[in-house]
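Order as written gives the chain letters A, B, C and D; numbering starts at 1 within each chain.
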Amino acid sequence: MPRTILDPKILRSLVPALSFAVLLGAIFYVQPRTMSYFGLNLMLNLALPIAFATIAQMFILTVNDLDLSIGSFVSLVACITATWLNEAPLLGVVALLGCIAAYAALGALIHLRNLPSIVVTLGMSFVWSGCAILLLPSPGGSAPDWLSGLVKFRMPFIPFSILASLILGLIVHFALMRSATGAVLRGSGGNPQAVERAGWSLLKTKVTMYALAGFFGVMSGMILVGTTTSADANIALRYTLFSIAGVILGGGEFTGGRVSPIGAILGALTLALVGSLLSFLRISPEWQIGAQGIILIVVLALRSLVNRLEERQA
Amino acid sequence: DADTSDKNVALSNNYAGNSWRQAMIKSWQEATAKAVEDGVVASADANTTAENSATEQAAQLQNMILQGYDAIVLNAASPTALNGAVKEACDAGITVVSFDATVTEECAWRIAVDFKKMGVDQIDYLAERYPDGGPLLEIRGLPGTSVDEQIHAGILEGIEKHPQFEIAREVQGDWTQTVAQKSVASVLPSLPDVVGVVTQGGDGYGAARAFEAAGREVPTIIMGNRSDELQWWKEQKDENGYETFSQSIAPGVSTLGFWVAQQILAGADVPKDLQVPTLRIDQDGLDQGLEMTPEGGVTNKEYTREEAQELISSAK
Amino acid sequence: MTTKRSAAGLAGLARSAPWLFSFVGALVIFAVTLAANNWSGAGQIITAALSFGAFYAIVGIGQMFVITTGPGNIDLSVPATIALAGAIAMTTMGGSDAMILPGLAAAIAAGFLIGSFNYLLIWLLRIPPIIATLSSSFIVQSLAIVYGRGLRIAPPPFLAEIATGRVLGVPILAIVTILLAVVMAVVLHRSVYGRSVTAIGQNINAADLAGVRVGTMRFATYALSACFAAFCGVMLAAFSGGASLNMGEEYLLASIAVVVIGGTSVAGGFSNVSGIWGAALFLYLLITMLNTLGVGAGLRQIFTGVIIVAVITLAGGRKKGRG
Amino acid sequence: MSPSASSDRPIVELNDVAKSFGAVKALDGVDFSVRPGECVGVVGHNGAGKSTLMQVLAGTLAHDRGEVRLNGDVVAASDHSVARAHDAGIRCVFQELSLCPNLTVAENTRLRHGSIRGFGWRRQAARLIATKLDEIFPDHGISAGAVVGDLSIGRRQMVEIAANFSATESEPRLVILDEPTSSLDQQVASQLLAYVKRFVEAGGSVILISHILGDIFGTCDRIAVMRDGLIVEERPADKFDRHSLVASMGHVTDEDTPAPQSQASESQRRGEPIVSARPPRQTDDQRLELHPGEIVGLAGLAGHGQTALLRLIHNAARHRSRYASVNGKIAFVAGDRQADGIFPLWTIGQNVTVRSLSALSRLGLLEKGREREMEDRWRETLKIRTPDMGDNILTLSGGNQQKALFARALASDAEIIAMDDPMRGVDVGTKREVYERIRQEAENGRAFLWYTTEFDELVNCNHVYVFRNGLIAADIERDQLSEQKVLHASFEGEAA
């Protein structure tokens, strides 16, 4: 069979991009002012930290786990960034490295004791939140100048958030989907036993994936503070659900190590656009929340359309 | 005054999940519908985010900038985390007026309630009722938020003023009735007899039910202007002369935000910081307070253009 | 050597009686609380734990069946359903005892519709359950706002009495919920439905080929979960003196937590009902303990998390099958 | 494989090795060795301990007692590991496949070969696997970029075999093949066996486990017979004949009784069929028909649409379908037991009764007593080797798991039984009993749809449909059935 663009397999991998494009088109139609450098930048710069958090979640999902704590973790990182990293950079850096190490340790714990990740991360979400509240009892702090400078950096022609998402997507794609080590890491989600039988250490893969998740969580929190310029203990709680939804929207699955970094980032951006479209539609406030659900469903229906197509051809 | 009939105003709200916010939105819709009809402004949309989160609201603000509003009236999820977005709005020439939960960004106007005073007043009241003082139970709000911290700071200040009081125990109520009820119930077995319960608004009825369920005498609970609280208070008052007071910021303050924004657009010289008093109901005013409170809602007061102008001129 | 053996013993116990650890955890925490409270107030603590635990248990049971149907199956519409059902029930009842049954029926029917809608999204549009229920929860939340505008209507006196009343010191609601748990345990372990759900959770493909009515069973599961959430909404409104828009919020994580702490496998196909009660008591007693110790908000959260992780680590994971 | 002084030293040597799982003694003191350049066949009934022995060799299971020597050096049980065995040149194709379904063929190859890394690793891995596939299975039709999960079980088996035979910096010296042919059709299987011979001639060693005795006789130099955790007999292959081999495995040896002609066979094709189906892409009006009491065979090369049609028929029993009409209850015996059959968290008993839940229940509640009774009855009937039907299904050996799946279908109230190459990994003795059982059931009016890749099994059928490219290519009556005809139809597709 010739592989055309209508080949469902290819089409399927294009679905996240398609959903994103459809949504963007709808927004351009409703509010033409968004069709500009300024507009895109405004719409997407808050999606960038979500994209990082989504990538963090994706690493966890790759090894068949689920992270219910990423939102509170990013909040904690944001608090650390807006306080320690700003006032005592050395302490801040050590704390952030400690956060990554804590994530790696969680991975080891989950593997060694064969624990359900959901419960462990649920528990950890309280721990992160508690630390954040202790660190920053009421909202405040401020971003280190270099950080807000970096995030606010006005690239010519292409908004920073888009460029950064693109680079992020490509780096993670090459590292996880194209590299030799990436194959082992994904394989340990697909069939852990086989990976072990081939002589690899599952402990190492799990620790690596959790450490990566921690790293991208830290990046997410820092970029978030760079954008908002200050932090609070509840600032990113939403990211937990957003990141899971983003990975799934991007074509990832809960089990079996089937994920797509580029898809996940597109998923995160799509979720951000859902909110924008909503603002532009001028819906009465009591229906705004529901409309968000409806838009999500419409976007997701696209997936099922492609799935159907795939089935028919199978 | 300059003509504002071609101006577009918008409300940005971060949470719609409780009766206070619902009343706030409703007041906005009613007052602005009339203003639009009267040709005062061209439009006054209300926007609310799906979830209570600073990042979502910041995104909402940025979208509003793109929509080209002339003024944004803002009830903020965080006093600082929206500053970036607010600054961008100001830079785009948009008037930003924040109320209730205000923002610290300097380019925005603030219609603030003195939350700290709300805390101090509670202790002052209790000091009058119980000159000998005694232990208290404090119900906190959502941890990590500024309103929670400010009211708490006020309560601490009050206790400094009246050292005969002490906080026996502090529980977390999340500003949610059911959560407050559960937290209070969980602390009761180990709680000494307290003279009063200091609250942040909306938790009073839950606390009262928890005390009743445990078969303990209900101490003086400071109420938060919710109709179930006032109703319970009235029942108790009629039955055994129960005394307390109730205070809250009126949800209708959103309309004040609207009129202040309109005045700014009209060219009025408005100071950046305005104070709005809380709505306080005392023992004698209970019946009148109940009248101002819709069934199942919050005691409300909507503001007019004149009241806004008065507030502005008194602040100068 | 001895530690190794006892660890093996613990793991074995965790496998044969996965529900045990939540009860042990609850018991330990209860003991610590009592000690901190000079060994007084035990009765009051237990009574309160039973009545607040009942709400966790009700939503937990529904969520458990959903989680049992396999990885990725979680019902995120529980909080919104609680809010809407509570509002519908209170409005329909309008404070009158005569309207209790119609109000309850209306709320459960709403739950059934929500569950059906969830499954419709999952089945017809093939939306992964977590996102499907998340999306529909937004819609339900809007409906709840439009329906009640957050106004609180007091429950009928008789219903309030049931929700808060006690028989011989035991909350009526807890008795009802324990009976419900027993019935659902029988359903899970002894009924065709329970077996089918467990089969689907292990291998949906094999279940289909083994003649399990996959579609019907999954539909029933989502409907069941929403109905339980609706029931919880009604009782919660009755218990706390009226429905409010945000009264379901804490049940999003709590409903998942009681299921998994109770020993149900998140990977699906393996679950138990009694552990839910253990976990529900555990969660409530945890709040009690920390409040008794008078810990501040930040530390309270840290302790909560650490204790949850510690309990699950001690309980150990389930051993995998043949290597 | 340079010949050296040590060339005659055994690659691997086991002395008195034992391994128990709880009360089950899977290995009970086994002495076994393999020298370079020989092919050793291992046979034995289901659950005899063959796979366990291989897992000890490959380092995936630690033995409880005895001595393991690799190239002459003793390896302690605690030291024995996959990496160790790998270094010694031992490769193992496990009975339950161990590929990652989410990775491509090339990526799975890389997983096996730690040395493939760095820039251009994909091309390197792809070249490695493609070359080996070409060498073993000419015209295999597998692309190195294909995702393994999308491949049929037979192709997955081919990939796994090729990956294990391929050499990077460390060469395979001993390749263990645990029932490699069970998922392959005869053509592909013979390609594999031919390759094994070439590999052995070139100095490599192979351990071949199979229940198809023809494979063993045609390929192996030496045969070890296992029974109940022991090697009970070990001789050069030419010192065995079929008879003596089967006898030493502990089966009754009246094997040459021809498949009895089922009485129903003449009275077949009348009345309404209970199943009538056609492959969706079939353009002519060729249909598959099944009548009560009939055994219908689905033949052809593996992966040519037989499984798809069986599934279509299975689904059509509950839903309307354009392509099939089914008038009766249907049960399915999966061949790919990991993917389609087993419920891994359940007991053996629960795995058996799952198809009969409604029948075993009253008012929606299962009756434990009746469930137990059914479990025990079928353990007896199919001789499932387990101390307790309450044990987890995964404690069973592969063949016994397959028996449990058989029991599931046969115990049900279904009038139609669809079997998707169901004898994968079932031992000779049991096979014969199951054939007998199927014929009996057919005489009692049950109808069977039986997809098989072995011609020997087709003789049990009243009617055979040969598939090619997803279509029914031929429709052969029982009295006209010949291997020639089936082969002809499988390749040329000319209707017979």
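To be clear about the criterion, contacts are C-beta pairs under 8 Å (C-beta built on N, C-alpha and C of every residue); 3 or more make two chains touch, one makes a residue touch a chain.
Predicted model only: the values in this text are computed from it and were never measured.
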Going only between touching chains, how few steps reach subunit D from subunit B?
-> 2
Just curious, how far off is subunit C from subunit A if you go by their C-alpha centres, in Å?
-> 28
Taking each chain's centre as the mean of its CA atoms, how far is subunit C from subunit D in angstrom?
-> 44
Interchain centroid distance [CA atoms averaged], subunit B/subunit C, Å = 33
Residues of subunit C that touch two or more other chains sit at 138, 141, 145, 149, 265, 297-298, 300-301, 323
In subunit D, residues with contacts to at least two other chains = 60
Check each residue of subunit B and list the ones that touch at least two other chains.
-> 16, 50, 143-144
Every touching pair of chains is listed here as A-B, A-C, A-D, B-C, C-D
Complex contacts: residues of subunit A adjacent to subunit B | 31, 33-34, 39, 42-43, 45-47, 49-50, 129, 132-133, 136-142, 148, 224, 227-238, 272, 275-276, 279-280, 282, 284-286, 288-289, 292
Contact footprint of subunit A on subunit D as seen in their complex = 58, 60, 81-83, 86, 92, 94, 98-103, 107-108, 110-112, 114, 116-118, 121-122, 149
Could you please specify the touching residues of subunit A with respect to subunit C in the complex?
-> 64, 66, 68, 109, 113-120, 122-134, 137, 193, 241, 244-245, 248-249, 253-255, 286-294, 296-297, 300-301, 303-304, 307
Residues of subunit C defined as touching subunit B within the complex | 33, 36-37, 40-41, 44-45, 48, 51-52, 138, 141, 145, 149-154, 164, 236, 239-242, 244-247, 249-250, 284, 287-288, 291-292, 294, 296-298, 300-301
Subunit B - residues contacting subunit C, complex | 16-19, 21-23, 26, 50, 140, 143-144, 169-172, 174, 176-179, 181-183, 185-190, 205-206, 209, 213-214, 226-228, 231, 294-297
